[in-house]
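Next come two complexes, and both contain chain A; in the first it sits with chain B, in the second with chain C.
Showing the complex of A and B:
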């Protein structure tokens, strides 16, 4: 492998790592605050990607303008799903939420297929010409994905650090009981958790669709690397999920020069299991 | 539809529901009895299917085997291999918490699906394995009946074995661990080992279900082993029937399969362009059905007797 090939794979890895991070943050925050593994997260992302498609085809918007619409729409859907279904299981054992979210994953995926059909779509047809810098090919879409992800993550960081709600969220993730007795309105935090988780999920879904093609299984297929990102980074630690996402994305891409690319998802799985066994709290020490 | 067609359909229905009952009984050992999550049912189902397919089909040049062995050898080998895979998986994941185990088992099933899809020398890849022998016996009449008989025998065997295990000291140990892990630890029980045993025991029946499936259809391909079908449907069956109750697992399999295939009969009457979409509508309804069960009857139709 030449140094150019190596750097090229790193670039691809950063792009998929950014997408894993957007999904992984939501998974991590939901896990931290609601204490369950949200198995419908991938399909929530797919739903967001299709909302953007609807905005693009019906309003003739560019992708970047459709993105906020998809984010708001998916955030609303996530809040609604929580209100109608998950809310009823707050007092139940966590496994009930696992099963419920697996069912919701199916509902979302089938709804997407019912509305848009089983076929493949792209946002904009046509070939984009990559920029060539020192023999490295960089697609304009990839620049857009990475730049937008950075912007979204910075906004998320400012929210967590400087707003009352962001602080309440971190407090609840650290210690729900302490947060409650300190006067944090926990149900309000839960609503905002879904809003943010849903919005970030939609962004991840739109970016993956931009990089590949829309189909009903779009983001179910990356559920494993996203959970790997959240777990590697330390569950309940959104910043850890970003590091975890990049790590998983880059290792997955680099692995393609040694093993059959078809086994990329297995690479994420092996990393995840290894972390679960040797350092179950992740790189940044997460909640247990 | 004439009477003969209706009867054939009823036989096919009962056979398929029985196969699901075997798998649901296996899940009932892992989840109902031992409290271990397994979202990778499709993986063990696939291991069982491919094991018997390779062992019992006729020799082919493009892949390993077939070995043209008797079906009963295929069924036993399917159980053993599925148990071995579960042992390897469980050995790694035994210490994981429920939610991590759920993710890990999804990952295992995905890895098994990738292997099945990509290792042509073993599984013939996406083209699948045709020509898996079906049961036929001249002395008993047409083969659908004897397949139903075989599946019924397997359901009874699984039920008897799992009921016996549940009533034994081993079963009480599983319940003790599920209800109070610390208490069981304090009593000096080897928790990790007991969990592993339940995981392996349950997986053997998932493998058996997979093998029966292969012999029912005579053809398998990786498409049959996605997460929707075998994994989710079996979970719905066990939850609706009543997890922890073996009769409930069997009842749930028949009830959910009746709903699932009954709605298929209805949607197949729709114009052709809607039939594809109807499959999605049925999945959506099953996803909603599980929410309704979890909200209004979490203990299932036949609750666990303690």
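Showing the complex of A and C:
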């Protein structure tokens, strides 16, 4: 492998890492606040990707303009799903929520199939010409994905660090009872958790669709690396999910020069096991 | 409607199994320090949690500042003007010292002047504003927990064993702080194992045994009793 090949794979790895991070942050934050593994997260991302498709085809918008529409729509859908389904299980054991989130995953996937059918779509047909810098080919789409992800993550960071609600979210993730005792209306925090998880999920879904093609299983297929990213980073720690997503994205891409790309999910799994052996609670100490 | 800060009337409740509280009653009127003592497992912490709606009350009532708060949501109880420092897990470990105080002031939006007053009461914290609460020493953590609670500007402060696991020198220092807090016009209901030192600074004392209040008296009278150790041990 030449150094150019190596760097090229790193670029691809950063792109998929950004997508894993956007999904992984949501998985991690939802776990931190509600203490369950949200199995419908992949399908929520796919749903967001299709919402963007609807905006692009009906309003003739460019992808970047459809993105906020998809993010807001998916956030609203996530809040509604919580209100109708998950909210009933607040006091239930985590396994009950795990199973019900699997049910929601199937519901979302069926909704996508009913509305848009089982076929493949792309946002914009035609080929885009990559920029070439020092023999490295950089696709405009990849640039857009990485730049938008950085912007979204910076905004998320500022929200968590400086806003009253962001602090309340971190506090609740540390200790829900103490947050309540401090006067936090935890149900309000839950609503915002879904809003943020849903919006980031939509962004991840749109970016994966932009990089590949839309189909009803689009993000279900990357659920394993996204969970691995959240767990590797320390579950409940959104910054860990970013580190975990990049790590898994890059190692997965590099592995393709040694082994069949079909084994990518296995690579994510191996990284997860390796990191957990080294640090059982993840890169940042996760919630227990 | 009364001027009492807190009235607990014949409360029964617990954690799902048999009731831990079996008819507990007590009252805190005005800015006084009331100390609860009693053997391990008497239900002192459970009583504190039940005031804040964290334990199911199955009988009796609790009212505070003229509102019925029986089985109320904890955030609404905080809104009513009560603050609570639990025995364990009483700071947010991943938040900084400053952010912990911000969380205490959550209901007040942001009040920088009040935060400065808290730092003035607990000067050790002022040097550690950006340090994560999880990395503080036991004594500092206890100060932070009290500071966070005071950020609510409560009328009544509940403290569950504020001196547990502190070095002897810090026990006196912490109890003196509680005296300062009372001087701010705040009522204090606290559970304390260091019975003598706490009663020496308290207005009234309560002995709790097996989920009930066994005895209630002026702190000075309780302190003067030669059988205090037996009472305390639940004998």
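The rule is short, and it goes like this: the second predicted complex is superposed on the first by the 283 of 288 C-alpha atoms of A that agree within 3 Å, B and C clash if a C-alpha of one lies under 4 Å from a C-alpha of the other, contacts with A are read in each partner's own complex, and residues count from 1 in each chain.
Just so it is clear, a residue touches a chain if its C-beta (ideal position, glycine included) is under 8 Å from a C-beta of that chain, and two chains touch if they have at least 3 such contacts.
The structure displayed is predicted, hence computed values, not measured ones.
*Asks:* For the overlaid complexes, name the partner, chain B or chain C, with more touching residues on chain A.
*Replies:* Here the partner covering more residues of chain A is B.
*Asks:* Give one of first, second, both or neither to describe whether A:41 is in contact with chain B, with chain C, with both, or with none.
*Replies:* A:41 sits against neither chain B nor chain C.
*Asks:* So in the superposed three-chain picture, is A:231 touching just chain B, just chain C, both, or none of them (first/second/both/neither)?
*Replies:* In the superposition, A:231 contacts chain B only.
*Asks:* Give one of first, second, both or neither to describe whether A:139 is in contact with chain B, with chain C, with both, or with none.
*Replies:* neither
*Asks:* Does the superposition put A:223 against chain B (first), chain C (second), both, or neither?
*Replies:* After superposition on chain A, A:223 lies in contact with chain B alone.
*Asks:* Between chain B and chain C, whom does A:168 touch in the aligned arrangement: first, second, both, or neither?
*Replies:* second
*Asks:* Would you tell me which residues of chain A are touching chain C in their complex?
*Replies:* Chain A reaches chain C through residues 164, 167-168, 170-171, 173-175, 177-186.
*Asks:* Spell out the part of chain B that touches chain A in their complex, as residue ranges.
*Replies:* Residue list for chain B touching chain A: 37, 39, 92-93, 95-96, 98-100, 102-104, 106-108, 110-111, 114, 117-118, 227-228, 232, 235-236, 239, 276-277, 280-281, 283-284, 286-288, 290-291, 294-295, 298.
*Asks:* Which positions of chain A touch chain B when the two form their complex?
*Replies:* 31, 36-37, 39, 85, 88-89, 92, 94-96, 98-100, 102-107, 109-111, 113-114, 117-118, 216, 220, 223-224, 227, 231, 260, 262-263, 265-266, 269, 272-273, 276-277, 280
*Asks:* Which stretch or stretches of chain C touch chain A in the complex?
*Replies:* 52, 54, 73-75, 78-79, 83-84, 86, 89-95, 99, 102-104, 106-107, 109-110, 148, 152
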